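Order as written gives the chain letters A, B, C and D; numbering starts at 1 within each chain.
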């Protein structure tokens, strides 16, 4: 009897220790595990508007990279099956407000005188690495409304630098004055977010159970919202369709 | 204005007591002169270090400059200069050099110290204005330097600060926010200081000359300071309003220089109707005379020293003065040659081209008289005279390139290339600095009572003379090959073959800059350890050499010297010495000045 | 010491002149119709300035060599003619030189600025902005559509602020990032700046003209040689100034026409 | 460094003689007035005059240049753009102009009285200071009036940045006002010196020249703002 009691206490204690360690280590992953995710597809109804070609002759090193495949604008990037890329999907209402920023940095790379990716989404306070992979100087010039504006050069070969954003803003236009065609967005959101890929698919992870308003933002077509309810441990789905003007 | 009548009231004949009154807020023109010189020295060292950073960046763009990253994290991350920081350093280099070195040292520095002495006065006409003039300039300097430490760093628009780049504010990119505002404020303050200074110089020259000191009997250095102050009075009086309007455009939303319909970063600017050429006109109305503010005192100083070294007066004292006057007068009529391709009426370009070519005549007269006077002289070689001769050589080299730039048709090709950079660095930068060096080696014994080391001085001269030619001659070649100035990197295909020349220039610049340490050492060492200087070490004639070295507080000990002769009575036949001092009542046979 | 200085000055003077005489760093070959006048003016000026430069430096050196050092027995001599000779010499030498350069030089200037573009000149609009040039061809209708600065949007490649939806003249306008021109045809360049001051400089064309914000400036020239050249900005315009450039392609008329068609398709 | 002991100052005219009424030697004639420099091309033979006489002209030259720059900027700006909107000058400015002109008259009265006293023609300068106070008062009235003019303009919705004409209006009046403040400081200085009986003629002359000049500048500026050319 006595030994049995001893073992039970030990087992309980070990379980407690393990549990606290798990909490300490994984932080919000516990939340995510208990929460669910939202997946879906963004589609474009109709044909995408004509995307003008970009003439990079001013910057021969960049022009050489795109010699075989001419570059066009990326204001509306539609996939073959009508999927719409570069749409930021985020939760605009219903968050508890306790969501911490991910510690994983996102990055924006200047390559071939384009921003890769064209649209970057990240959390308030999340780190963003700015990388110059080109053989030329770029200046990164975001023009936010809710965050401080800055404008910084990055010579070729300079190390990446790190940026964070203090306030939510969807979305901050980013440009390079040296290469005026360069154009991208940084969407600063709070809580889980997803960006659609070429096929239009997106996924928001770590959404705690509850009902939310989901917003999809596209740089040309603006925003769409819909309500979605996430049950514990079960992925919710939400699809968006933008209509070409 | 209410201070004017203080002139004589404050002429106590005992020096003021206490460190602050003696050395900081001193009313003594000699202390103020040294203060200007010291400020110029700080500015020139800063400016030179900036030029090193720029030169290094141009040829080794990936070289991390130690410590620079600490000064500006954004501008030079890890010590690597960004394009905007290059332009910011360039702007600061230009502003520091033009305003705080070329204006301060030969004119305000030496002028303050020696103008009253050379005309036999106890002090300047308005000693309080004089003190205010220096301290305003000092505040202007602090405001400008503060730009290094504000938000997005120092101004970027160049020392000419062309609107609208300089006027639209932070929207135009880094370096156009607080830094540029500080620039405009600093220059406005600087103008006030220079106006007070010029007022003083003119009044002093006209009113405080001692008995017998007619205008024609003033030494050439005094003449040059006097003419410079006349130029400065009118030039800075125009730059000041321009800066006020620029500050208002930047801070109060007015549109003096900002036209309508400007779109910056896809945003339509809220300004309307301003004229960008208006800034250029106002600026260059000041800007070109400013060139002569830098060079005329150097011409005067060099003439003064050369005469002493040649042991004979110039071929003509008066022709030199007339030439200086002509240069001063014409300097206002030529400013448009900076704007040949600016979109100004092409007829105006021709109208400005003619006086520009005309101004070469008095300049040539000066050069010919300097060289012609060497003929048959008994040239004594000292460090001071070496620099004076070097000045002539530099002035000729920098001057002939003026022939090209004075012609609108050639300016189409050469405008804004390194040819221009070479031209003005030689004729206004290096030549004026050679004037300063000559003045320093010549007058140091008088100012500090100790001799400078001649050997070090000569080493300094040789290395500097050859070094500056190595830097600035190739600039002209670059310009001929259409190398555009104010580029932080040379990415254009046609510029690639020129990179070697740039490397050569950078190495020469680093070398020549390092050579200046010899001068600095000589200056500091001689100040404390140099041999004691006699009253008249160079056997010179003008009034500054009639007093002990250094001069007592009230210059002539309360006595008013009486002047009997023209300033340069050298080579007197039959005299025990070959010279007669200005205040010597000795009757002399010949006045060698041909007039 | 003095002799050493004299020798140094002579060496520097000659060394400075050598690259000029050898044309080590010379202007690139001219490709314009007005350029020869400028080049001629340049070489005339170079000759006169060069002679003045060498003469002054060498005479300076000779006098330093000759007269340095105390000559206790010697008397002070005066240059024959004295100051009067100097003044007359400079008036004559420089005056005539200056007048000659001034008067003859105006021909080159006049050919650029005082002659209006011919009636057949091809109009091309160029807009300078931080930090690129963009060019606009009027298209088939020969008319430029109006500009709407408030509609400028570089993200949409609407660099000029054209309203192609509402302005019929703008519909066929062709906007390009490089300047292609037919050879031996006069070009009438209509220049304006979008933001701050810029400049249009093509060394080979012997053309340089500032853009004046708020003003429309025009320029005309004829290129005579097929090839690819660089257009660079020479007026400090901000951080990207050094990289503000575009290419000028001078083409045969046929090549130009097909290039224009190709560009029209890309709009 | 051995400094020589300065010799006692030997002025041909003791500097006290330049002041008035000094030690009570009223009516001592010529020595009290500053002698003009004897032609600028000749040497000053006896002693150096107080340079305020020259200084004020030199200063006025610089001020002239500044205002010339301001007004030519206005002409260029006016001619170069289509956005020039002419506005009616606030009526109080005309009143201010009269006030300023009258102040010149009062100052001139004061100056002549003091000059007459210095020449020994009148026994006491006491009344003169009243005229100086009147000038000071009128000067302050002018500044107040200018401020009222600004308020008037403001109530019409014309601010510094509203239109180029209002920009120039505010700049001109502000810069001129600052110069008037300088003039007032000069007047106060003159009054103080007068009370301490150490006023020098040249100081008074300089102050009054400056004041009259500012009058003229104001009339010129007003004309430039008023004219529709």
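Keep this in mind: a contact is a pair of C-beta atoms (placed from the backbone, for glycine too) under 8 Å apart; a residue touches a chain by one contact, two chains touch by 3 or more.
Note that the structure is predicted; figures quoted are calculated from it, not measured.
> Mean of the CA atoms for each chain, then the mean for all of them together: which chain is nearest?
Chain B is the most central one.
> Please work out which of A-C and A-B is bridged by more C-beta pairs in contact, and write that pair.
A-C
> Going by the average position of its CA atoms, which chain sits the greatest distance from chain B?
A
> Could you give the separation in Å between the centres of chain A and chain D, each centre being the mean of its C-alpha atoms?
69
> For chain A versus chain C, what separation do you get between their C-alpha means, in angstrom?
That pair's centroid distance is 49 Å.
> Taking each chain's centre as the mean position of its Cα atoms, how many Å separate chain C from chain D?
50
> Rounded to a whole Å, what is the gap between the Cα centroids of chain A and chain B?
The answer is 57 Å.
> Going by the touch rule set out above, which residues of chain B reach two or more other chains?
82-84, 173-174, 259-260, 273-275, 277, 489, 491
> Residue numbers in chain D touching 2 or more other chains?
81
> Please list all residues of chain C that touch 2 or more other chains.
Chain C, residues with two or more chain partners: 129-130, 154-155, 214, 238-240, 243, 245.
> If I apply the definition of touch given earlier, which pairs of chains qualify?
A-B, A-C, B-C, B-D
> Across the complex, what residues on chain A touch chain B?
Contacts found on chain A: 136-137, 139, 141, 143, 149, 151-155, 157-159, 161, 175, 177.
> Spell out the residues on chain A that touch chain C in their complex, using ranges where they run on.
52-59, 73, 75, 136-137, 139, 151, 153, 173, 175, 177-181, 183
> For the complex, which residues does chain C have touching chain B?
1-2, 5, 8-9, 12, 16, 19-20, 24-28, 37-38, 41-42, 45-46, 48-50, 52-53, 56-57, 59-60, 63-64, 66-71, 74-79, 82-83, 85-87, 89-91, 93-95, 98-99, 101-102, 105-109, 112-114, 129-130, 149-150, 152-155, 161, 194-197, 199, 201, 203, 206-215, 217, 230, 232-243, 245
> Which of the residues in chain C end up touching chain A in this complex?
Touching chain A from chain C are residues 129-133, 154-157, 159, 176-178, 238-240, 243-247, 266-267.
> Using the touch rule from the top, collect the residues of chain B that touch chain A in their complex.
On the chain B side, the touching residues are 61-62, 74, 77-78, 80, 82-84, 152, 170, 173-174, 265, 489, 491.
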